[in-house]
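Some structures to go through are shown next.
One chain, chain A, links the two complexes that follow: it is found with chain B in the first and with chain C in the second.
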Partner chain A sequence: MQRNTISNQHIKALLVTTIIGVGMLSLPSELAMILENDGWIAIILAGLMLIPFLIIIDKLFSMFPNKSIFEIGREVMGPTIFGIILIIQAIYTIIVLAYTVRIFGEVIKVYILETTPIEVIIITMLLATAYLSRSKIEVLGRMAVMIYPIIIGLVVFLLAVTLPDMDYTNIFPIFNADYKQLPRGIMTAVFSYTGYEIIFLCYNYSDDNKNTLKYVLRGLIVVTCVYLIVFFTSLSSFGIYQLKREIWPSVAVVKEVNLPGYFLENLDGIMLAIWVIAIYASLTSIFYIGGAVLSNISKTKTHELFILPLIPIIYTVALLPDNLVQTNEIMARIISYAAIIARVILPIIIFISAIIRKRRSRA
Partner chain B sequence: MNISKKLKENIETLKSILKDCDDIIYRKIEIGDKDKTKACLIFVDGLVDKSLISEYAIQVLLQCTESKDNMNINMIKTNFLDRISAESIAVHDVKEEEDLDKIVDEILVGETALLVDNCKKGLILSSRGWPTRGIAEPETETVVRGPRDGFGETMRFNTALVRRRIRDPKMKLKATKVGRRSKTDIAIVYIEDIVNEKILQEVMKRIDEIDIDSIGESSTLEALIEDDYLSPFPQIESTERPDAVAASLYEGRVGIIVDNTPFALIVPATLGTLFQSTEDYYSRWPITSVIRIIRIICAFLSVLAPALYIAISSFHPGLIPTVLTFYLAASRVNVPFPVVIEAFLMEITIEILRESGTRIAGPIGSTIGIVGGLIVGQAAVEAGIVSPLMIIIVAITTMASFALPNYQWASGLRICRFAFMVLAAVLGLYGIMLGVVILFAHFAKLKSFGVPFASPYSGLGIKEGDLKDTLIKAPLQRLRFRPKFTFPRDKKRM
Partner chain C sequence: MRRKLLIMSIISLILMSGCWDKEEIEQRLFVTDIGIDLNEEAKGSDVDRLIVTYQYPNINAIGKNATEEQRTYLISTISSSIFQAGREFRNRVPFPFYYKHVKVLIVGESLLKEEELVRQILDELNRDTKTNKKIMILVAEGKARDILQANYSEDQHTDGVIYSSVRDNRSSARFTPKTLTDFISDFDISNTTIVPRIILENGKFKISGGCIIKNYKFLEWVDEKENRVINFMNGEVNLETIDVVHNDDLIIYTIIRGDTKKDAYIENGVKASINVEIEGYLQGYTMNDKKTAYDNKVLLEMENTIEKEIKAEMEKTIDKLQEINADIIGIGEHMSKFHPRDWEKIQDSWDNIFPEIEFDVTVNVHIRRTGLTK
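The block that comes next holds the complex of A and B.
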């Protein structure tokens, strides 16, 4: 029996369940606003962009087998610089959590619980999340595998109920967008891949590190496909003009559906109920990252200590913006910039300094 | 304490240890016709097979004479005990014992001690024989097709029932005693070349570490060796079917048979195994497959049905078709309580009904059934206390709960139902989903002897095809390998 290790299958499920979250609801309209009908190009390009980073991570971990990202970072960059990076990462994680839980609260308030104050929704969700994120990574992995089919089922459900009412001509014209906007579109799409950092934390726990990259890439393909399906279903059901007006088009699409002979009338409620599970999975993983980062800054043995104290902080940050517009503008922007540091620059810096370190030690 | 040479002294000591134990019988006899040797048989009245002792021990000893044996008297003196055990006593198992405390232990188990004057050893005659129930059909796990023998209260008979199904020298049976006072016999059963060493060692270790005065039933043992004692769910399977234990041993699991109870324990248990019943393997595969899926639906229903009713009728009436919403509202017009109160009222009534029905069996039990059924079914509706729809929900929930093959597991889910109802009353559908994810997270956290409890749904064994025998049941020809979750050493079944 292997203890404290997880299989590649768990890592793949963790990757998929962590990434798919709030982005699933808002991505189509955000992309449509920037790139019109060609938003899908941004999704694919953003997915492709991540591949080199995943390969870098794989290389990094194979250079330092059986070491965690924290050990590697401290070894190659020195404790001070790495400490600063960790602090940035911690702040970034807290903002991501706050943003996710805020959007979650807003969506639930609009579609499921109109009269319940958003504070209640946020705090209950955070408490429920804390229950799981206090456990070890293997438990998170097991949970991810259990949730994985539910999320895939959710997407299949979305596709199945919207398929009869779709108008495929809405997809056209393709390749017609203003390509100067492409970088902005990609930025938005990359934002929806938030949470792939969980890979940093579970890579070294894999029981079969040779094949991990393969599984991670498969997970990335699954995520990209999910986003493409969400984008195309919303686009073909609404058409580009209406799509731009919707905040959460994937829910709105389902709300329009009214199949005869159905036991359930408003499918959006059902979809969002299942979507709660998806959000829970991403929140726990990011929460775990936050706890792990903080425990490494303060050099405690377990990350559990930091989970409960983080709740009031996240709660406060989540309620800072006055409304949804502010949330999307301020928080999303901060996250986008912080994401560049946390996800693009960080692996590259560690990787380069690791290579330098290795060369030096050889010479 | 060592045995003394004088029989009288020995009896005195025994009597002082077993003071005020009036069920102990000291039968004094004299052996031989010329040089009479005093001897004493000590046993507990009721625990021994009386005809065996009187016919094959007492009678034989009384008829034993030196003249018949034609032996040197000194040799008889020195090897007296060997001679009696070899030639005179006609009991199937005899052993020697020098320690008086151990002799006391053996007497209390139901053996007979034979102490002879001038001997520094005592003989223990295997004479256990107490009134037993005999092999009866297991009451909680009946089958339409399949063997009808169930475990009894005597450990030795139970191990025999398992042994009968596994005639393999590799099937090992390790006996220990647990409980400082109760000294309950426990047998750990496993098949040596299938079971994973680590699971077996974990079981041994946990049983060794137990320090308690008595083991009442196997549930006491279960509570002491399970991984998370705070969880409402069982992490160890219990069964009163020997065929279930045998089948589990073939899967590489470990059986624990406890004396004084017909319920044996099987470890490790997972979400997959808790949905399995022995009859699954005696019916045809498509039927079993459908039933397995129905069981999973039942598990969800037994937890969620009343909560969903509360959530939909008080938070999201828009979720269900408009016609149904109107019907729901119309049926609740006369009901004076809010839905939550109504649901709690009915659920608690059902729990009372179930509890009284379980404790009182037979003719009174059916009376309770009729009274309860009438009150719950008709009177409550006609009096306008609950709506008819609520009755249907409660009925479905109860039936779903009893459709699960493992009673403990179903009970755990039943308790969760109340938490879900509260969640639904406070936070509607969102609250229910919150409960569901916490429940899932709890399953993900649980372990059973190092094996993730949520297997195979949480990953372990999915690739190896464990779902073929948990989510559904594939035809036997497709189940060529043992399930992965036990990490069996011998993987191949056929």
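The block that comes next holds the complex of A and C.
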């Protein structure tokens, strides 16, 4: 039986598993480049910045109970304007997917499958992802609940293996960064919260809408804590200079570890094996968003239709940049700007026009 | 339908077994130790400036059913970089090299005169995706190749003899084991580092004391005693035995643990204080009816003597460090971490400031136990 409602616990798990993905690997070093030892401030502030938007979304859905974001948007903004926004959102989603899967391919190629062509890595991952993305949101939610403890386990694993060799004095000096750089730092950190859009889609499916906000905020706290732990473990293991040098410090930090007794070495394999699952969860959710947005643009009944045709597009976009540096510079920049539209402006516009619409109808 | 399924499963048997590009472990050469020396003949040219030596175990000679006698192989060539050497060796060895288990990097003394080369080697190792960043770095007095040659014939297990000695002596304070990451971050922070020195003695290798490197260049050798107190000052107080003369008797004191507190501040110039707390037990005294260690007064006197001895050693070593201007005891690091504002002011002239620092050294020794006898 398909109930097609999900519990708040599912929404929380969806939020956490969608957000935590590729950003986790490079975040510490990118923040260290900008804010030195104080990168953690940006992580916390970026997390705090999302809270007003989550509250706006909550208000919006309580104004229009049992309606999806698409219905609300079309009702308050008119089909044309909302159509344009949806197209932007679709392009943004495709680029995010392409970026994620490209970085995934690069990391896997560097650390695990050295001789496998990156094309093969990308296409297999996309196919595996597509299988789950064709399901309904309820299935995605259940999958997220299964993957959630794995992600927490990943962080615990990271902490447990690095703790013995850590030099915690490396986190000093605290509060010594150039605070003019803070906005740039926050932008970088916000980039790692990509994927929180999933709650736009699942909010109205919740079986207990009153408490959803509470669970979503809890999910946000979990994500922030995960990022903080990743930042502090890599900072205290590497020290600030070496941290700036690393591209993916969170994996490299595991390479520093020798387990007591030396019976296991090169733990990066284990770390990445778990990380693949985290990426899988985050890709599926974003893929689902892409399918749902496209199906709304063309007014089809289900989103499944668009998942498979999306694969060649994502594949092509993912392979467009020549090298890793280009990927990180161009794609990440496009995503940062598009993210402002998709995540900041979109909820605010819908919210404001919703308020105006309500007032007008009352008057 | 059934037939189709059958055919498909038979095909999948062939295609999905995953054996088509298998590689046996005997067909890989796991490099364990790498030695690098300067190629004196290529002086002035930009390429081929290194003599790279690989040591790798003979996998067929390991284990119960060993089929071959020779335990390790040694191979060496002139090359521009560590990994390029591996390519050049391919003409001489049957299988490709694998670097995931490199454990030891021995750098020849002469190479440390060339700053550029050292920087290149470090970047190459740090950048490489396969090498473990836990490689132990040692400096050879003389040629690295000779040292690898010396332990060539010795009993070999997979890790390599030198690695085992460095690793197992982690509990010794007579040298400072240094991994690649530690090595690089030391340069990042203070531009100086200390790595163990490896020497040849009677045809066998010996790890003894350390080598201070500053700005990627050789600076000074330190002996075991100096290295020991340097470790004490860095808070790496491990199992170690100290012998001092107390009232004409030799007492042996074993350290089991210790703790170091450092502080540095600006007050009419930079001042630094180092406070070392040491705990341990009495290992040996003298068999004499009139003398007993089972007396608090005697113990306190002994503690005093040991404190004086360690303090004298420390002050001597600090003088030496100030003379050669090598801040390997982390005073600059401490200031940058805990007094960042002050550090910004003096950071650029640290090389002029360090030799002038006034040190205040205190040592606190506790004899917690006296063994089984009184």
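Just so we're on the same page, the second predicted complex is superposed on the first by the 358 of 363 C-alpha atoms of A that agree within 3 Å, B and C clash if a C-alpha of one lies under 4 Å from a C-alpha of the other, contacts with A are read in each partner's own complex, and residues count from 1 in each chain.
In the analysis below, a residue touches a chain if its C-beta (ideal position, glycine included) is under 8 Å from a C-beta of that chain, and two chains touch if they have at least 3 such contacts.
Model, not experiment: these values are computed from the prediction.
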item: Touched partner set for A:280, first chain B, second chain C, both or neither; value: first
item: Chain B versus chain C as contact partner of A:245, first or second or both or neither; value: second
item: Which superposed partner A:152 touches (first chain B, second chain C, both, neither); value: neither
item: If touched residues of chain A are counted for chain B and for chain C, the larger one; value: B
item: Which superposed partner A:169 touches (first chain B, second chain C, both, neither); value: second
item: First (chain B), second (chain C), both or neither touched by A:91; value: neither
item: Partner chain(s) touched by A:330 [first = chain B, second = chain C, both, neither]; value: neither
item: Partner chain in contact with A:110 - chain B first, chain C second, else both or neither; value: second
item: Which superposed partner A:266 touches (first chain B, second chain C, both, neither); value: both
item: Overlapping contact positions on chain A, where the chain C interface meets the chain B interface; value: 262, 265-266
item: Touching residues on chain A, where the partner in the complex is chain C; value: 110-111, 114, 169-170, 172-173, 176, 238-242, 245, 252, 255-256, 258, 262, 265-266
item: Chain B to chain A touching residues, read off their complex; value: 196, 198-199, 315-316, 318-322, 427-434, 436-438, 440-441, 443-445, 450-452, 454, 457-459, 462-463, 487
item: Touching residues (chain side chain C, partner chain A) in the complex; value: 100-101, 126, 129-130, 132-134, 167, 181, 184-185, 188-189, 336-338, 340-341
item: Partner chain B, residues of chain A touching it in the complex; value: 1, 3, 6-7, 9-10, 13, 108, 112-113, 116, 120-121, 124-125, 128, 131-132, 135, 139-143, 145-147, 262-266, 269-270, 273-274, 276-277, 280, 284
